[in-house]
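Before I ask anything, here is the structure I am working with.
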Amino acid sequence: MSDMTSMEFKDFLKRDPVAILILGATEAHGIHLPLDCDTVQPEYIADRIDERLDNILIAPPLNYALHSTTKNLPGTISLTFDTLRAVVHDMLASLHSQGVDKFVVMTGHSGGGHMTAISEGCKEFVSKTDAQVMFFADCDIGEGCPEMRDVMHDGHGGLAETSRMMAIRPGSVKGERPIGRYLSKGSLVLKDASITFPEGMVGDTTKASVELGDAINKFITENAIAMIQNGFK
Amino acid sequence: MSDMTSMEFKDFLKRDPVAILILGATEAHGIHLPLDCDTVQPEYIADRIDERLDNILIAPPLNYALHSTTKNLPGTISLTFDTLRAVVHDMLASLHSQGVDKFVVMTGHSGGGHMTAISEGCKEFVSKTDAQVMFFADCDIGEGCPEMRDVMHDGHGGLAETSRMMAIRPGSVKGERPIGRYLSKGSLVLKDASITFPEGMVGDTTKASVELGDAINKFITENAIAMIQNGFK
Amino acid sequence: MSDMTSMEFKDFLKRDPVAILILGATEAHGIHLPLDCDTVQPEYIADRIDERLDNILIAPPLNYALHSTTKNLPGTISLTFDTLRAVVHDMLASLHSQGVDKFVVMTGHSGGGHMTAISEGCKEFVSKTDAQVMFFADCDIGEGCPEMRDVMHDGHGGLAETSRMMAIRPGSVKGERPIGRYLSKGSLVLKDASITFPEGMVGDTTKASVELGDAINKFITENAIAMIQNGFK
Amino acid sequence: MSDMTSMEFKDFLKRDPVAILILGATEAHGIHLPLDCDTVQPEYIADRIDERLDNILIAPPLNYALHSTTKNLPGTISLTFDTLRAVVHDMLASLHSQGVDKFVVMTGHSGGGHMTAISEGCKEFVSKTDAQVMFFADCDIGEGCPEMRDVMHDGHGGLAETSRMMAIRPGSVKGERPIGRYLSKGSLVLKDASITFPEGMVGDTTKASVELGDAINKFITENAIAMIQNGFK
Amino acid sequence: MSDMTSMEFKDFLKRDPVAILILGATEAHGIHLPLDCDTVQPEYIADRIDERLDNILIAPPLNYALHSTTKNLPGTISLTFDTLRAVVHDMLASLHSQGVDKFVVMTGHSGGGHMTAISEGCKEFVSKTDAQVMFFADCDIGEGCPEMRDVMHDGHGGLAETSRMMAIRPGSVKGERPIGRYLSKGSLVLKDASITFPEGMVGDTTKASVELGDAINKFITENAIAMIQNGFK
Amino acid sequence: MSDMTSMEFKDFLKRDPVAILILGATEAHGIHLPLDCDTVQPEYIADRIDERLDNILIAPPLNYALHSTTKNLPGTISLTFDTLRAVVHDMLASLHSQGVDKFVVMTGHSGGGHMTAISEGCKEFVSKTDAQVMFFADCDIGEGCPEMRDVMHDGHGGLAETSRMMAIRPGSVKGERPIGRYLSKGSLVLKDASITFPEGMVGDTTKASVELGDAINKFITENAIAMIQNGFK
């Protein structure tokens, strides 16, 4: 909806639109991926959905998320829990006051605190209205892709993300492909959890490919479309 | 910094960077301008500054602002005061924890509540650190441009904004050029202040031109560069 | 209403009263003016309005405001943004629960953060009720007075305020009449903004006079009365 | 300090002043007493203290308090708990930042929630500084006055308050002198607790006299002076 | 209700139950009493009430309270004001959403801040619903017991509490029986108020007995039952 | 520590204790389990740990948690996110101010929002101190027990919980053993998520046994002891 005029937006409301809120991030993703890759991926999926359905309204992305493990890695910018919850709530409430009743909140970043902050913002909004909100992380859907089922230990900045970025914006994957480990530090609440990501990412990206990325992106797109077509009452 | 990797960001810190935080908006701007024009304009200025100085770090834009008068016009998405203040604070604090000490907070939207929310977020941050923050609305600087000095009653979505958008992203200015009035409703605190903008914008855009837009953009750029070069201690 | 009894207040409600909330301040105003002059001035105006209209209910003044630039000058006592917003909201909500529906919030101090805090408090109240609230700073109206139109660079503690205080409470203007400058520090968010007021006030008070003060006070009174008579629905 | 200039305030700081914060109220006090009597009484005490000690700095009164039982009686204006706590904190913190280290917080109103709100505001301030704060309600001290010891069931708007007001501002006690009962409603948390005050005040005011008022006022003054002289470290 | 199943709870709702919320504490009570004695006492009373009335629903106790004077004595765990207020509100609101309409909030600890926090939580809840809430401290009722009327200077961890604990859980009163003083520090807001309790408790416990404890417990029980039977509308 | 006196607590601090905070719940767990089973289970584990290590300090349990899916099932009492976060923070901060430096926060309930609320409370505390905090749900550890590895679809109130309760407090498991399903409702943010638990619990409890419960409890105990012995620095 960024390049719509006010009147075009008003006209579009007649289609009973589904607004997609893209919750991106600015976050360190290893030595090879750009800081905006958690924004780029859901934006790409949203564009694919928009090509297929005629009542999609893509709201401008929120370019910041809540980060815990990667908070201290170079380039990560993190909102606090209360801030993110409030932004999500306000975006939903403001669009709803404009006449939108169906929402897909799609986040490119997935982590416990981040997901709960969004979820709490959505719940607070839903409890006060009759609007319907669907909420998911595109990467969580991607884990179910057949091509990824036998891949062990893939995660943040790993095989799936690298492949998807190669497919979406080729030049953005730079230099050597890293292999990263997740080192558990048990149940301790850490001041700097980045020690659990010694390489700043998790997974084996040496096998990343455009083909794999395309497959995952397509899988997510198809699933999201099915959810949008069937999930709203 | 969106397309930097984590390591590229880390390297850039050696330049003692000035981070530019672009505070955009999604807001109705009359029948002729796109909803994102308050994001596009400061982004354009930031890019021009970046071409001229070698230590500029452009943070991904915040695409939402606080709106009062236009809140109910189609397409405006508004954050509340507390939310915007918190986002601005968190963005500054998080970038500062990464090693950035100089900030330019440049907003494309200018309104009393919006400016105070940002200002309060900046002040809270500044009171706790030794970082330096410069804060302004690009359009407020633009008002001082020689070409605009004799223009009366220009404002939101008016001659200056239309001309600037024509210069920045030509196709984005659509249809007929409107003339809009501001109708004062006195000192009453209004539930729906959009009645003061019967045309949803203020000014006479029939005289808008690429040349005028270029002049204003250039004037803002030069002033901003001078402020960055001379304003930090 | 300070010296009314509970029953007298109850009787007065039959007149469909307009409650005037005086938002004063305790703030440094140069070497010559008392700390309470932003309380004294709107109190004086409220009393003049009360002499002319028969349904005016003057609530006891709030003697504290939000200060930014003068915060560190000797004698300024400042509330924070959230506190001031909450006080204004509570005063309105409590008086409204008593049966008052029309409010004039008149502040003697005028500054960006201060005005927004009051405005946000008013808006929050208005959004929840059918009450009507008018909000302005008496000094902002005074700027439109014919006698002041050609005066350049007058501001905080300057010609207008000094003249008004001379007219209202003569003995309160003490010693020599200062001349004060405003020194811009550009767009930097300052930890101590009092450096922009080297004399602690702005303007040339050597020409201050009771006559000018009377003229300004009269101008504000007439305008405020017109607003009260015509502005409420 | 209201009529001091900024420079006079600065000079006064050399005396190591004790700042008195008068926390007044706007509250129904029966058919015979004015709404501001909880402001007038501590102001009077503060003035008497000021006559006797040479380092007293009387801050402008806060004219609003937190009310529970009388909240719905005509003329009561009540702040909420969080608002009052915040105002008290801000007043102390701001004066402390100006160089004041000793504070007497004297409230004219006394009620559970009100006293806790002030106390919490004081404690929050004290926990962060080395300043000393003394906090009491003048009426609570007055209860110890020998002349009042045998008086049963006197309270809000009763014998002591009426006599004190007669002594302080004679004309302010109007009409007939009421007798008021307190009717306990047990432990129920009431939506409207004013039913426990059927006369809106408690006590037998028929015996009120200027002499009794003077005695109580004098007793409070002497005790407060002793506390100020001996209570600070 | 702890050992009820979900279905048993649902069945019990048919009795129009009175839910008792036990607000206990973990607090130093001298050298002789256990830290949980402010939980044990109201639990004991609740059990006695439950034996006599057939619609009592005892909610699991909250084991933490707000402490001021004893905050720094070994073993005290204190919630802050806002936290306690929120917990009380949430417990009431959640049980009410389950279908409970009558509540007895019984606290074992009694102190100004603590009582106000609970009271504010109750009032916020009551203002939004038609539920009825009764709130008291069991020890405050106990003070009216005939056997205690001539006892001077008994308080926290004193004669009444020691006797009650001897009657409720004999082995829990350990070692020598202390005598404790309350030392007033005047009106100063203290950083560490435990200096007013040099023995950590107040009263003469040498005369404590099971008989006295039984008498107080019985007195509280009878009074509470009468309040429950007569106090709700 | 409930039955310790203040002095016993003070003595215990010499052992450099590990405080265990038991975060229980009051929550519907199907037709067969009591509402307090999420409190009983971690209490049992804490007691077993206490038998084996000599520096364990068990804080009184918090009997309330944050519930989402089961919020509307009979008997569930739920705190809100902010309340739970605050309680956890206050408990840690208060015990830390008493001299405790090592904490195990063990919750019997495990759900996204609940875990994040606790985690945020712990992180806020950890960020301000040098104390160490370990945080886990006992049931999450139990999932790794060899006897449970081949069990599919077991969850809330299921095989593991039923068996553990049978082993801990036999009489508390009542009536028939249910089989419960989890019905996914996709990504919709639900107003009442209990529709995903048609039986109010998930799993096949017909095979529950004391032996299995003992095995799981022992597995959790051994793992927790190892974490406590090895996990703190």
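Letters are used for the chains, namely A, B, C, D, E and F, taken in the order the chains are written, and counting of residues starts over at 1 for each.
What we mean here is this: a contact is a pair of C-beta atoms (placed from the backbone, for glycine too) under 8 Å apart; a residue touches a chain by one contact, two chains touch by 3 or more.
These figures come from a predicted structure and were not determined experimentally.
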- Among all the other chains, which ones are in touch with both subunit D and subunit F? E
- Hop across touching chains from subunit B and tell me the fewest hops that reach subunit E. 3
- Can you tell me the least number of steps between subunit B and subunit F, where a step is a move to a chain it touches? 2
- Item | Inter-centroid spacing, subunit F versus subunit C (mean Cα positions, whole Å) | 57
- Message: On a C-alpha centroid basis, what's the spacing between subunit A and subunit F, in Å?
- Response: 31
- Item | subunit C-subunit E separation of Cα centroids, rounded to whole Å | 49
- Which parts of subunit F, given as residue numbers and ranges, touch two or more other chains? none
- Given which chains touch which, is the overall layout a line, a ring, a star, complete, or other? ring
- Message: Once the touching pairs are worked out, the chains link into a ring; list them from subunit D, going toward subunit E first.
- Response: D, E, F, A, B, C
- Item | Touching residues (chain side subunit D, partner subunit C) in the complex | 1-7, 9-10, 13, 24, 26, 28-36, 39, 59-64, 71-80, 82-83, 86-87, 89-91, 94-95, 97-98, 172, 174-175, 200
- Item | subunit B contact footprint on subunit C (complex, rising order) | 68, 81, 112-113, 115-117, 119-120, 122-123, 126-127, 132-136, 186-191, 227, 230-232
